[in-house]
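There are two complexes below, and they share subunit A, which is joined by subunit B in the first and by subunit C in the second.
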Partner chain A sequence: MVTYIIRRLIWAVVMIAIVSMITFAIFFLVPRLAGATSESLAARYVGRTASAQQVTVAAERLGFNDPLIVQYGRFAKGIVTGADYDYGPGVERCPAPCFGYSFLTRLPVWPDLLNRLPVTLSLALGAAVIWLIAGVATGVLSALRRGSFFDRAAMGIALAGVSLPIFFTGIVSLVVFSYGRPLALTAPGGSFTPFFVNPAQWAYSLILPWITLAFLYAAGYARLTRSGMLETMNEDYIRTARAKGLTERVVVFKHGLRGALTPILTIFGLDLGLLMGGAVLTESTFSLPGIGKYAIDAITNQDLPKVMGVTLVAAFFVVVANLVVDLLYAVVDPRVRLS
Partner chain B sequence: MTAPLDVSGSELEAAPDAVLDGTRAKAIEGRSLGQIAWMRLKRDKVALTGAGVVVFLILVAVFAPLIVGLIGHEPTKFNQDLISSETMAPVDGTGISWTHPFGVEPVNGRDIFSRIIYGARISLLIAFLATLLSVVIGTMLGVMAGYFGGWVDSVISKAMDVFLAFPLLVFAIALAGIVPDTAFGLSGDALRVSLLVFIIGFFNWPYIGRIMRGQTLSLREREFVDAARSLGARGPYIIFREMLPNLVAPILVYATLLIPTNILFEAALSFLGVGVRPPTPTWGGMLSDAVRFYTIPHFMFFPGMAIFITVLAFNLFGDGLRDALDPRAR
Partner chain C sequence: MSFLELKDLRIHFPTDDGLVKSVDGLSFALERGKTLGIVGESGSGKSVTSLGILGLHKGGRAKISGEIWLDGEELVSATPEHVRTLRGKKMAMIFQDPLSAMHPYYTVGQQIVEAYRIHHPVGKAVARKHAIDLLGRVGIPQPDRRVDSYPHEFSGGMRQRAMIAMALSCDPELLIADEPTTALDVTVQAQILDLMRDLQQEFDSALIIITHDLGVVAELADDILVMYGGRCIEYGSASDIFERPEHPYTWGLLGSMPRLDRERTDRLMPIKGTPPSLINVPSGCAFHPRCAYEPRTDGKATTKVPDLLETEGGHLVRCHLSKDERRGIWENEIKPTLESA
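Moving on, here comes the complex of A and B:
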């Protein structure tokens, strides 16, 4: 078990390193393949009135002329040990983990990301609780009453749910429940109150995004749970459990659901990891100032250090979520440890 | 010609010979997987409805210029005469009429119907090509991983892990955002479409790849593969002639189910402003325009419903196809 954990941990670190290399390489190479030069990249960050001389100096200062590997090395070193950044007027110390300075605001990226993390975490975790409970409960009920009115209705709604883009349901729910309504559920334009400042206000400002986001996922989870349950309830061990004289409740929940839940756990880990790295669509639909909104803003402004920071933080969450799921699997299912 | 034996008229007696010499195999062969699937699919009214809508949408996309020509409003033509100069909204609220069946957009009065029709082209084109790309890469690498095993399998499997760890949407937006308007010898819509196809297709292959790897792993152990191998068949023959025909069903099912995902993906990218550039109409782009005009609900209704109906139709058809081809239910 210990060797398994160590092996998985090492692989997780390697994976983040590989993702960071590929990300860096792509964001370095694609603009160049598409015809950008060090100067044209630098020109974006010095303002429209800069002279050619200033642009050349800026390109050198930002390190755009160095080979890819040198630029990546500098970036990776900054994350591990911190870095000194010459941002023009002076040199500033950027403590580890240093994701560099925004080219536009000249503020370090990491504190920005930390500030936005609570919003995204609140959104993702709150929605996850709702969709997991609603989705699995609906799926189990549907499977147990296969073919009933409830099953048909629930699966019809679920199919519609997975076919609706969140930016459409989001806008519709805002129009129906929020904009201009006397009992507006979420202030138009979006707002966020940290949990520790005012829990009631926190929940109030998130309720609509939670429900919208959870509906989308709950639909998918209901479908998965239903098909998983239908499959496991036909297994021999369920018949054995029934033959032993166990009550139907024990058979369904302790034997059936447990078997059906393991694949759902994997997907849940991946989904939650992806969302914690920025619920891009939900945040931009509801104007929530989270990691995803930060990513969009960074991309709109072509602010490469911010984009790199967001991508890496997001990849980190996916890798950690996968790691946790794998370790949980190993605890639940002893066969995993041996492979 | 020898006189037939007394017993040879009976099917019971004839069958073993026919199997042995193979000449009369057709006569005793059961229905093929395709026939069984088709029979099941024909009974599945919901899936057929989905398929019908899909065919209809494809026709609409292909004949978009013809349809729009009949109605007579180009998707990028301004109809300022239908717009109130005070509120910027259509004069009668929506602008819906016989000539503008879905009404007109606020501010510039572009015809929503023809924009939806043209939007179908972008949406379906990108979704189909991206799916094709994912399927080709995913099948190739998945089958290789499953068939060869060993270090080939571990390299490909690890690569899939890494791809799945990418925050896909953030990455796609970033990538679609940093490419300038002219690049790789392409420009305009052609560049954006190829770029989106590449991004969506290239980052989705591990999903197909994992499924293909699993299927190949189990096929590799089947008797008919052993038989082929013992008859002296080599790798390429086994992969292309023995395995691939058995992978067609899962490829078809997962490709059909990947298309709606890709439609949503393209719509999301267009919504976020990194899809095909305006004024070319896209459903996601129309929705993102409509957000500012939430008091004019028909503007968001039509693109939203277009995405919903298209994705739903593909999902219904894909679900039906999966049920029809599902080997477990056979």
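Moving on, here comes the complex of A and C:
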């Protein structure tokens, strides 16, 4: 078990390193392929008023003329130990983890990301709790009452939930529940109150995005749970559980759901990891200042260091989620522990 | 009244293709301390019968009629909740494939403890000790360690022993074993059969063994019930069935039983054809399309369902051939070929 964990951990680190290399290569190569030169990249750092001479110097000092591998080494080193940016007039210290400076705001990327992380985490975790409970409960009930009115209605709604995009459901929910309507559930878009400032206000400002996002995912989880439950409830061990004289409640939840839970757990970990790297559509629709919104703004402005920072943070969450899922898998399924 | 008595039990399943008559008018009786072997091909209704006795079809789509009397209580009309309280405690079941019949995510000990505690208000520690005792009693070495193993960490034979320990956890008075040795290799089969015989004597429980393997019932059963197409077609003591079988289907089963004492050059005599559809059961005697002696019944076999009639001292046969015809065929045609080796 310990070697299993260590092996998975090493893999996670390797994965993150590989992702960072690929990300860096893409963001190094793509602008160059699009015609950018070392000078035009440097020009974004020194501002429009700089002379051609100054730009050339800046390009040299920022290392834009170095080979890809050297630049990557500097980038990776910056993340681990921090970096010093030499603009000519002065040297600016960018503390670790340094993802570089925004072209636009001239501010380091990392503190920005850090500021936005609570928004995205609040959104993702809150929605995850809702969709997990709602999705699994609906799926179990549907499976137990297969073919009933409840089952058909739930699966119909689930199909709609899976198919309808966030920018549709989100805007509909905004129209119905917000903007001074009688059913107003949430504060007007764009506001976010940190949990530690005012938990009630925090929940109030997030309830609509939570439900909208959870609806999308709950639908998938309901379908997944339903099919998983239908399968496990036909297993021989369910018959054994009944033959022991267990109550139906214990049979369904302790034996049936336990068997169906493994794939749900896997998907849940991956979905959550993906969302923590930014719920792009939800954040945009509800104007929440999270990582996803940050990514969209960065891409619109072609702010490469920001885009790279977001990509790496997102990749980090996905890798960590994968790791957690793998470890949980071993906890949930004793048969995995052998290998 | 006997300890267990089935009277005209019918278990039918409505499906889109028609009504599946899995069990169609089955009656038998079983006393404490006795073993009944129920024999038949796949789909003959053996397993459906056993699940029906345990009440596991209740609440499903099955239509159940008839009577099941267990120790003076009628179970078909009893509430599902009441039957549940008897399940595992008064009557328990050993399933065929212990790997799929045990939950892969719980240890063997947890599964036994669970079976015990649902019927006994004891703490976990007491139940665990009981589980270790049981595992020891069914012959699992180092039970205090193996109690924390998962089913997949056991060998096939050990798993079946654990399954038996689970079924015995509440000292059931009726034990039903559904193909208990089918998934096991031959040497382990013999051990499990010995174990079941010993345990039955120790607990003085009534035992029903369901199998398609006549060799298994030959080892254990006092009485044997042969099922075909959801009905009993022959019933008698073990010596009736093995020494004086009267139904052509039973002859077929005996003929298709591989035996070590026979020459290799001897061919098995398989029963031709396939088990009957339970939706469109053949008219008359359900076995007539596969029966070599059907022409001797003057067409009765194709039109009329034969009655289950007593030939001698509790030996029942459902066949249109007369008693003398059947005995003649057995003595002159079947028995010599079975013993020719």
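A few comments on the model shown:
Basically, the second predicted complex is superposed on the first by the 307 of 339 C-alpha atoms of A that agree within 3 Å, B and C clash if a C-alpha of one lies under 4 Å from a C-alpha of the other, contacts with A are read in each partner's own complex, and residues count from 1 in each chain.
To be clear about the criterion, a contact is a pair of C-beta atoms (placed from the backbone, for glycine too) under 8 Å apart; a residue touches a chain by one contact, two chains touch by 3 or more.
The structure presented is a predicted model; accordingly, all values stated were derived computationally and were not measured.
In the three-chain model built by superposing on subunit A, subunit B fits alongside subunit C with no clash. Touching more residues of subunit A than its counterpart among subunit B and subunit C is B. Judged by the touch definition given at the top, the superposed model places A:A243 against subunit C, while subunit B stays out of reach.
By the touch criterion stated above, A:H255 is placed in contact with subunit C alone, subunit B being left untouched. In the superposition on chain A, A:T300 makes contact with subunit B only, while subunit C stays out of contact range. Residue contacts after overlaying the shared chain place A:L281 against subunit B, while subunit C stays out of touching range. Once the two complexes are laid over each other on the shared chain, residue contacts for A:T311 go to subunit B alone; subunit C is not touched. Contacts of A:E235 after superposition on the shared chain: subunit C is touched, whereas subunit B is not. One geometric descriptor of the composite model is the angle centred on subunit A: between the Cα centres of subunit B and subunit C it reads 70 degrees, in steps of 10. In the superposition on chain A, A:P165 contacts subunit B only, with no contact to subunit C. Between subunit B and subunit C, the minimal CA-CA distance in the chain A superposition rounds to 10 Å.
Residues 15-16, 18-19, 22-23, 26-27, 30-31, 33-36, 159-160, 162-165, 167-168, 171-172, 174-175, 179, 270, 274, 277-278, 280-281, 284-285, 292, 295-296, 299-300, 302, 304, 307, 310-311, 314-315, 317-319, 322 of subunit A are the ones touching subunit B in the complex. On subunit A, the positions that touch subunit C within their shared complex are 235-237, 239-247, 250, 255, 258-259, 332-335, 338.
Chain contact summary for the complex, subunit B toward subunit A: residues 161-162, 164-171, 173-175, 177-180, 182-184, 260, 264, 267-268, 271-274, 284, 287-288, 290-291, 294, 297, 300, 304, 307-308, 311-312, 315-316, 319.
Those residues of subunit C that touch subunit A in the complex are listed here as 51, 54, 56, 84-89, 92-93, 95, 97, 100-105, 107, 114-115, 118-119, 150, 152, 166.
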